[in-house]
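Look at the two complexes coming up: chain A is in both, with chain B in one and chain C in the other.
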Partner chain A sequence: MLTYILHRFYQSLLVIVGVTLVTFLILHFLGDPVQLLLPPGASAEMMDRHREQLGLNDPLPLQYLRMLSGLVAGDIGDSYYYKESALAVVLERFPATLELTAAGLVMALVLGIPAGIVSAMFHNKKTDYGIRILALLGQCVPIFWVGILLIILFAVTLHWLPTSGRGSWQQVILPAFALGLYPAAAIIRLLRSSMLEVLNKPYILVARAKGLSKRSIILKHSLKNALSSVVTVLGLHIADMLGGAIVIETVFAWPGIGRLAIQSINNRDFTVVVGVVILVAICYVVINLLVDIVYAILNPRIKLQKEG
Partner chain B sequence: MWKQLRSSGTGLLGISILVIVLFCALAADWISPYDPLKQDLANSLQPPFWAEGGSAQYLLGTDQLGRDILSRILHGSRISLLISVAGTVVAIVTGLLLGSVSGYFGGRIDVVIMRLADITMAFPFVLLAIFIVAILGPGILNLILVAGVSAGVRLTRTVRGEILFVKDQEYIEAIRSVGAKHSRIIAKHILPNIGSALIVIATLEMAQLILVESALSFLGLGVPAEVPTWGKMLSESRILILSEPWVSIFPGVAITITVLGINLLGDWLRDYLDPKLGKRTN
Partner chain C sequence: MRKSKKSKVGMMISILLVVAFIAGCAGSTEADQNSSDKTINRVTYALASDIGTTEPYNGLDADSYLFQVFSPLTRPDKDGNVVGDLAETFSAVDSVTWEFKLRQNVKFHNGEAFNADAVKFSIDRLLNPEYNFGFAADYELIKEVKAIDEFTVHIVTKEPFNLLPLRLLYLSIVPPKYIEEHGNEYFAEHPVGTGPFEFKEYVKDDHVTLTAYQDYYNGAPAIDELIFKPIPEEASRIAALEAGEVDLIQGVSSSQIERLEKNEKLEVVSFPTTRSIYIGFDTVNNPVTKNKAFRQALNYAVDVDSIIENVLDGKANRLATVFLSHFKGYTDEVTPYPHDTAKAKELLKEAGYNNEPLTVVAPTGINNSKEVAEAVANQLREVGVSVTVVQKEYGLFREEIAAGQPDPLFLFGFGGAFNSAEQISRVGFGSGQRISAYANPELDELRVKAAAAVEDAEADALWKEFQIKFHEEAPAIFLYQQYSTAVYNKKLVGWQPRKDEMILFDGASLATAE
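What follows is the complex of A and B.
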C-alpha cells in the first residue's frame, strides 16, 4: 500500500511540474508578454527595455527554471492590474471557490445518493423512470442556464433566495445547486447501475436466503459495495466542478478565482490568469491523488499495474 | 441496424432530434423568418406569440435590439454543430494517432504519451480553453482546436486501452508471424476491432463539446461578436432576467434538446454496438 501511495505521489509531482512547463510554453509560444503588457503603440526601445527587465532575452530553460523557483517561493510576478503579487490575489479569492465547490459537492451527494438508491430499489417502476429521465436531463442542460433559470424562479419570481453575491448561507444555495446538478445526475446513473449489478451477485442471494430484510440488504450489502465506484467517479467530478465553478461564479457574481480569471482576461492581466490555471491544475492533481489513495484503502485488491 | 433503431424509442428520438437540428443548421438561411442580425428597435423585447402582447410576426419574440429570437436560434445551431462536429473529428484523429502508437508500441513512447495526457487532463477543459482563447484571441478555428485536442486526450486513453486488450489476442500474433507491417496490423486488424468503442465515446464527447462551446460563448470567449450563438444569446439576455425572462429561456432549450439528442443516440449506439458496456448502465 505504501509503495503504491509513494508511486502515485511521485507521479503526481511529475504531472505538476509538467503542468507548469506546459503553461510556460503556451505563454511563450502563443504571445509576447511584453506586447500584452504594454499599451498598443509602445516604442520598440520601450519593449526591448521591458524584455530585458523581465528576463525574456535569457535562454528558455533558464526562464523556465526562474518561473519554477518563483513558484516554489510563492512568487509568480505581480498583477499589473491589482498592483500586488498575483499569487496573493489568486489565493485571496481561492477560499470562495473552495466553498462553492464543497457546497456543490454536498448538493450532488444529497441529491444523487438517495435518488440513486430509490431508483435501484424501484427498478423499472414509475419512480425509477422518473428519476432516470431527470438524471438524463441533468446531464444535458448547460449549467449556466440552470443558474439563470434558478435565479428567475427562486430569486425573481418567488423572492425566496438572493440573486447573487457571497456572505450568507442563502446565497450559496442556488449556485451550489447549479454546480451540483451534473455530478448528481452522474451519481444517480452510476449508483443505480452498480447497485443493480451488485444485487445480482451470489452473496446477495445468500443474504436473502438467510432471511435478511430487503432494507438491510440494500443498505448494508449492496450500497456499501456500490459506493466505491461512486468515490472514483466523484474524484473526477470534483475536478470538473472546479472548472464548472468558473462559469457559475460569473452567473452568480460569486467572488472566486473563476470570476477573477474571466475579469483578468478582460483586463489582459495574464499573470493572474497563469496563477489561476496553475492553482486549479495543482488542485486537480492533488484531488486525483487523494481519490486514488481512498480508493486503494476501500478496495485493497487494487494493484499498482492498474496504472499505465 | 435500422430495424433495431426503429424498435428503440430513445434511439429514434435521439436521431430525430439530430436530423431536425442538422436541417435547421443547413437551411437556416431559407427557413429563418428574418435576418438574425437585423435590428428593429421599434419592436424590441416583444414577447413570444402565445404570451400577452406577443404576435405571430415574431414567433419567439425579439431581444433588446429587436432581433428575431427564432432566427437567431436557427442560425446559432450552425456554430454549435460546426464546433462540436469539427472538434470531434480533430479529437478522433488525435486519439487514434496517439492512442494506437502508445498502445501498440508500448515502452518509452507509451510512458511519454500517457504522461502528456495526464498533464493535459490536469487542466479543467473550460480553463484550458479560456487560457488559449485569451492568448490567441477568439475565433472558430481556435475553439475547434482547443476542443478537439482536449477531447482527443480522453479518446487517446480509450484507444490505448482497447488496443492493449486487442493486441495480445492470438489472431494478431498470427498476422505478425506472417510478417505483416506494424502500420498494416494497426490499420487493417486492430482499428476495426476498436471502432465501436470509439464511435460511442466520440458521440458522447460531441455532446460535451456543445455544452462547452455554449459555456465559452456565454463567457464571451467564443466566436466573434457578430456571429449569433446560443451561449452568447444567453449571456446578452442576462441583464433582462428581472424584466423579460423569456429571452433567457429559448436558447437554453435549444442547447438542452441538441445535447439530449446526441446523448440519446450515444446511449443507443453503446447498447447496439457494445452490449458488454450496455448491460452496466441499463
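What follows is the complex of A and C.
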C-alpha cells in the first residue's frame, strides 16, 4: 500500500517538474520582458542593467535550475511587473479563484442534478427534449459571450445584480453561473444516460411486474449509481474550472489567478506566469492523487492490478 | 460495492471543496463600495488594468492614481503648455541648468513641509541604481540637483535639453523624512504626497481608494472620495458605467460610441490625444522601403482625409508629419502630402518598384489599427503596390522591432504625457532606437541641436528645418492625431478630458442629488 502511494507521489512530482520545464521554455522563447518593462526611450545600457539584475543574461539551464531550486524553497523569483515575490503575488489571488471554483461547482450541481433527474424521469417527452437542447447549448456556447450577456441582462437592464468585482455574495452569482454552465450541461447528459441505463437491466422487468411505475424505478434504483458516475467526472471538471476561470475572471473583473495569468502573459512577467501554471498543475495533480489513493484504499483490487 | 466507495470519495471531495469555499469567502473583502452612501461625494473611475504598484516611481500608466496623490515640479496644462505645479516659476539659467522657485507653505499629507530638500531627495532616490525604479530611465538625463536655498532648486542635465520642464511631469516629489524613517517598502504601501487626494487603501486587482486632502495648496477638492477600479474587459467596464457602478471611463472603442450617445444619463466626449499615428517603414533592412521615392509615393497614394472621414467618423486630426500642433517648435508651414495617385504611380516607377510583395503589421492594442491598415492597404493596391495586412500581438511586434526585424511596413502610434518634437523624433525615428526602423545621422544631429537650443527662437527655427527635411524624407506614411473617447455619468460636473489622457479632477464636482 505504501509502495503504491509513494509510487504515485513520485509520478506526481515528475509531472510537476515536467510542467515547469515546458512552461519555462515556452515563456523564454516568447521574448524579452525588459522590452515592455521600461519606457520606450530607455537606453540600451539601462536595459542591459535591468536584464542583469533580473538574471536574464545567464544561460537558460542555469535560470531554470535557479527557478526550480527556488520553487522547492517556496520562492520562484520576483515578479518583474509587481516587483515583489511572484509566488506571493499568485498566492494572494488564489483564494479568489478557489471561491469562484467552489461557487461554480455548487452552481453546476444545483443546476445539473435536478435537471438531469427530470430529464431521465420524463425521458423522450417534451421536457426531456427541452432540457437536452439547453444542455447542448450550455456546452457549445462561448463562455465569454454568455458572461457578457448575463451582465447586460441582470446587471445593466434589470439591476438585480452587480456587474463585476468580488466582495459581496451577489457578486459571485453571475460568474459562478457562467463558470458552472459547462459542467452543469455535462452533468445533465451524464446523469440522464446513467439513469436510463438501468432500464435495460433484467431485474427491471421484475420490478415492473411487481407494479412499480417506471418513474419510481428510475428514482429508486438508478439515482445512486448515476450520482457516483457524476462524482467520478467532477474531479476533472473541478481541475478544469480552477485553471479555466481565466475568461470568467476577466469578464467579471474577478481578482483571481486566471486574470493574473492573462495580464502577466501580456506583460511578459515570466515568473508570475510560471507561478500560476505550477499552482494549477499542483491542484490537478493533487486532486488526481487524492482520488487514486482513496480508490486504492477502498478497493484493493486496483492496486493489485497495477502490481500484477 | 465499488460504487458506494466512489460516492464516499465524492463526499470527501465535496467536503474539501465546501471547506475551500468557506475559507475563500472568509477572506473576501467587505462590500462597502457598492452600498449607496448619500453623505459622501464619491467618484469611481474604471480603468483597464490594475495599478499594480503604489510606488510612484514604478507605475507606468497615464491614468494612474499617482497624479491625485503626488505633485511634480512642473506639468502640462490641458492644452499641453507647461506650467508650474510645486514650482511657482522656472527658467533656464544656462544650457544645462534649470532654476525652479518652489511654492511655499505646501505640506505633505502627513504634515511634513515641502522644500528644496524634498526635491533633491526625490530625484536622488529615483536615480539611485540600487532601487531600480521603472521611471529612472526617463530621467537619466539629469546629472545633479542642487538646493540653492530653502525654496530654490537647480537641476543640471548631462546634455543641453530645453524640454526638461515637460519631462518632469512624472517626477513626483516624495517626503524625505517619512521615507527615511519608514523605508521604501512601507512608503510604497502607505504613500504620502502633496497632491489633492490622500491615499486610503489599495486592494490588489480590486480598487484604490483616495480621500480629499483638505489642506491642498490649490484648495480642497469638491469630491470627497475617489475610487479607481480595474475592470479589464471593455464590455464589462461599459456595463458597469451603464449600471451606475462607475462614473467615468476612458478609451472607449468607436464601435460603442453611437449606442452610448443614446443613453440620457451619460455624456460622451471625443477629444484629441498626444498620440501620433503613422505607418513606419523598415528602412534598415528592406530594399524596397529603403528607397525614398517609394516612401514618398506611398504618401501620395494614401487618402488620409477619406480614412479619417470614413473609418474614424471624422474623429482624428490630419498630420503633415508626426508632429502635433501643440508641440513646441511645430510649424504649420509644412503641409501634408496631397492625395495624388498619378504622382504616386510616377514615383513608384522612379523608385523602380517591381511588384515586390510587402506586409503591413497592424499591432493589437492600438485603436482601429486593423481597419486603418486595411483601408491604407486598399489605397496602396489601387496604385499597384502589392501589400497584405498582418495582425500581430503588441508585445511581439515590439520585440521584433527592438531586434531590428520589423515587417516592411508597420502601423504604430506614439504618444504619452510628455510627447514632444524631441521625444517622437528620437524614440520613433532616431538611429538605433528601440522602436525606430529609420536611421539618418543628419536628422539625429539636427534634432539634438534643436533640443539643446537655449533660446526659443533658435529652437523653433531648428525644429522648422527638421520638419521640412523630415517631411521630404518620408520615413513613414504620415496619418493622423488619434482621438480618444471618454464617457461619464452626467452627475459628474466640471470634468474635462485631457490631451495627455491623464485623469484629473481639478474643478470637478458631483451635481447635488435630485
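The working rule: the second predicted complex is superposed on the first by the 218 of 308 C-alpha atoms of A that agree within 3 Å, B and C clash if a C-alpha of one lies under 4 Å from a C-alpha of the other, contacts with A are read in each partner's own complex, and residues count from 1 in each chain.
Criterion: a contact is a pair of C-beta atoms (placed from the backbone, for glycine too) under 8 Å apart; a residue touches a chain by one contact, two chains touch by 3 or more.
All of these numbers come straight from a predicted model, not from anything done at the bench.
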Quiz item: Given the touch rule stated above, what does A:Leu137 touch, chain B (first), chain C (second), both, or neither?
Solution: first
Quiz item: Is A:Thr250 contacted by the first partner chain B, the second partner chain C, both or neither?
Solution: both
Quiz item: Just chain B (first), just chain C (second), both, or neither: which does A:Arg189 touch?
Solution: first
Exercise. With the two complexes superposed on chain A, say which partner A:Val231 touches: chain B (first), chain C (second), both, or neither.
Key: second
Quiz prompt | chain B versus chain C, judged by how many residues of chain A each one touches | solution = C
Exercise. Please indicate which partner A:Ile152 is in contact with in the superposed arrangement: first for chain B, second for chain C, both, or neither.
Key: both
Exercise. Kindly classify A:Gly18 by the partners it touches after superposition: chain B alone (first), chain C alone (second), both, or neither?
Key: first
Quiz item: When the two structures are overlaid on chain A, which partner does A:Asp240 contact: first (chain B), second (chain C), both, or neither?
Solution: first
Quiz item: Touch check for A:Asn57: first (chain B), second (chain C), both, or neither?
Solution: neither
Quiz item: On chain A, what residues does chain B touch that chain C touches as well?
Solution: 30-31, 148, 151-152, 156, 250-251, 262, 266
Self-check item: Residues of chain C defined as touching chain A within the complex
Solution: 2-10, 12-14, 17-18, 20-21, 23-25, 27-31, 33-34, 49-50, 52-53, 55, 58, 60, 129, 132, 134-138, 140, 203-206, 229-233, 235-236, 239-240, 242-243, 245, 395-396, 398-399, 402, 414, 423, 426-427, 433-435
Practice problem: Would you mind writing out the residues of chain A in touch with chain B in their complex? | Solution: 11, 14-16, 18-19, 21-23, 26-27, 30-31, 136-137, 139-145, 148-149, 151-152, 156, 189, 193-194, 197, 239-240, 242-244, 246-247, 250-251, 261-262, 265-266, 270, 273, 276-277, 280-281, 284-285, 308
Quiz item: Which residues of chain A touch chain C in the complex?
Solution: 30-32, 35-43, 46, 49-50, 53, 81-83, 92-93, 95-96, 98-103, 105-106, 148, 151-152, 155-156, 159, 162-171, 224-225, 227-232, 234-235, 238, 250-253, 255, 259-260, 262-263, 266, 268, 287, 290-291, 294-295, 298-299
Quiz item: In the complex formed with chain A, which residues of chain B make contact?
Solution: 110, 114-116, 118-128, 130-132, 134-136, 160, 207, 211, 214-215, 218-221, 231, 234, 238, 241-242, 245, 248-249, 251-252, 255-256, 259-260, 263-264, 280-282
